[in-house]
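To keep things simple, chains are lettered A, B, C and D as they appear, and every chain counts its residues starting from 1.
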Amino acid sequence: MQEVRELHLELGSTLDSADAAELIVQRLAEEYGFSAEQIEHLGMAARESMVNAIVHGNAYSKEKHVRFSVVVGPEKITVTVRDEGLGFSPTEVPDPLSRENILRGSGRGLLLIRAFVDHVEIHPAEPVGTEVVMVKFSSPQAGGQSEHKEE
Amino acid sequence: MQEVRELHLELGSTLDSADAAELIVQRLAEEYGFSAEQIEHLGMAARESMVNAIVHGNAYSKEKHVRFSVVVGPEKITVTVRDEGLGFSPTEVPDPLSRENILRGSGRGLLLIRAFVDHVEIHPAEPVGTEVVMVKFSSPQAGGQSEHKEE
Amino acid sequence: MSLSTSIREVSGVVIVDLSGRITLGEASGKLRDTVRDLLAKGNKKILLNLGDCTYIDSSGLGELVSSYTTAANQGAKVKLLNVQKKVDDLLQITKLYTVFDSYTDESEAVASY
Amino acid sequence: MSLSTSIREVSGVVIVDLSGRITLGEASGKLRDTVRDLLAKGNKKILLNLGDCTYIDSSGLGELVSSYTTAANQGAKVKLLNVQKKVDDLLQITKLYTVFDSYTDESEAVASY
């Protein structure tokens, strides 16, 4: 399939929405020829960003929704997750790899997202909330931005 | 994967929700070892029932949602689609295979749904709307209800 | 957009190469507009090449039928080329194979008008 | 429920066979409850068999760590058995491989306590 497919959904703030996002991203990535490992990683990044939007952003509120988008073509897939929460400052998030945090029971989601896609952007959304944009390229050569992994 | 997975979503009355349902069903069916053809057929049945819910049931209304559920295990997958529309009487739907209807520009959705799953039930939902329940078995032997295809 | 179309002419037959998914929405609208445009320009021989179309839903099938009937009403003929297995299965189930002339060889299709 | 657990004892070690997906929600709750139960009953040697667990998310990983620390606080030890490639990759990325004793042979794992 060489054409671009797009999907834009408003999902409820329940954990099933994270499952849905994961499955959708995985199936689309498969259709466009991403490798089994890339599909796995994309699914995980989609799940983790959705869980953050649902749990930290929208705090499971029934009044709040998560805007979930996928745009996929032969070269790359872009997944965008946007919540209606209070926002946060990614640079202030404790490093889960440091000695003092390694035994924490949480705090590894953003680490996995960054490890599993080629490019991640986290910024405040207007008028409220957080938007996370994740890009993964289907072939490694195309991934000219992979240094962002280390950001 | 031998455990049962369940997913319950409230989706907006937009056509992207039909794409979402199709992709989710396809990926879950794949995870549980359904064949490529079964996956194709399940995706189509999910899409057609979602489109009916969105277009005929909810008439694209922003105030109305489609309740979409999947329950999948090693033996079968059950997909349920429920809208908030006025309902309809399946027996009064014109037969798309008859000579006088063959040139119609629509009316083939229910035919495809019935052709592609082993068991279909369509009934009014409470307090309003229509619920469509579709079951497909992973191995033909398990499909003891396949005569429903011909109903 | 999940459907792309391109148009070429061979010996007086307009061939529409369709690539992608023909489903309700933008895609089925694009198919409709493309065929109506061709008819409005006076084309009588239209061949829809479905070789790169692996997916069609009931609305896409309906759109194929509408193209056929709209054309017929204007004395024009819509035929199909390179129908893939998945789409062919749908033409069987819906009995639409009884409506469409369908070809696997382009020059044969062109010569048939 | 996408995670099932069953418990058996081998030479004084409680082995929890986990099958399915360990993700936030019912599944991670089930893992937590299972381990807390075992600790409450005085078990000191707990071996989590992840041989049939092909998927875990960051919350599942967090739950593994919490099981480990809760156990440690009570003088008990949680170890891992049969970690699959996908899960092992996550232990590497998160450096949790530095926390857990992990085995591929059950009797070796049992003997290690």
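Going forward, a residue touches a chain if its C-beta (ideal position, glycine included) is under 8 Å from a C-beta of that chain, and two chains touch if they have at least 3 such contacts.
Worth saying up front: this structure is predicted, and the values here are computed from it rather than measured.
Considering the contact criterion stated above, the chains in touch with subunit B and with subunit D alike are A.
Think of each touching pair as a link: the shortest run of links from subunit A to subunit C has 1 of them.
Subunit D has its Cα centroid 57 Å from the Cα centroid of subunit C. For the pair subunit A and subunit D, the distance between mean C-alpha positions equals 27 Å. Multi-chain contact residues of subunit B (touching two or more other chains): 5, 19. Looking at subunit D, no residue sits in touch with two or more other chains.
All chain pairs that count as touching, in label order, are A-B, A-C, A-D, B-C, B-D. Per the touch definition, subunit A reaches subunit B in the complex via residues 5, 7-12, 14, 16-17, 19-20, 23-24, 26-28, 30.
By the touch criterion stated above, subunit A contacts subunit C in their complex at residues 1-5.
Residue ranges on subunit C touching subunit A, taken from their complex, read 1-4, 19-21, 54.
Listed in rising order, the residues of subunit B touching subunit C in the complex are 15, 18-19, 40, 44, 47-48, 51, 55, 96-97, 102-109, 111-112, 115. Residues of subunit C touching subunit B in their complex: 23-25, 57-59, 61-63, 65-66, 68-69, 86, 90, 93-96, 98-99.
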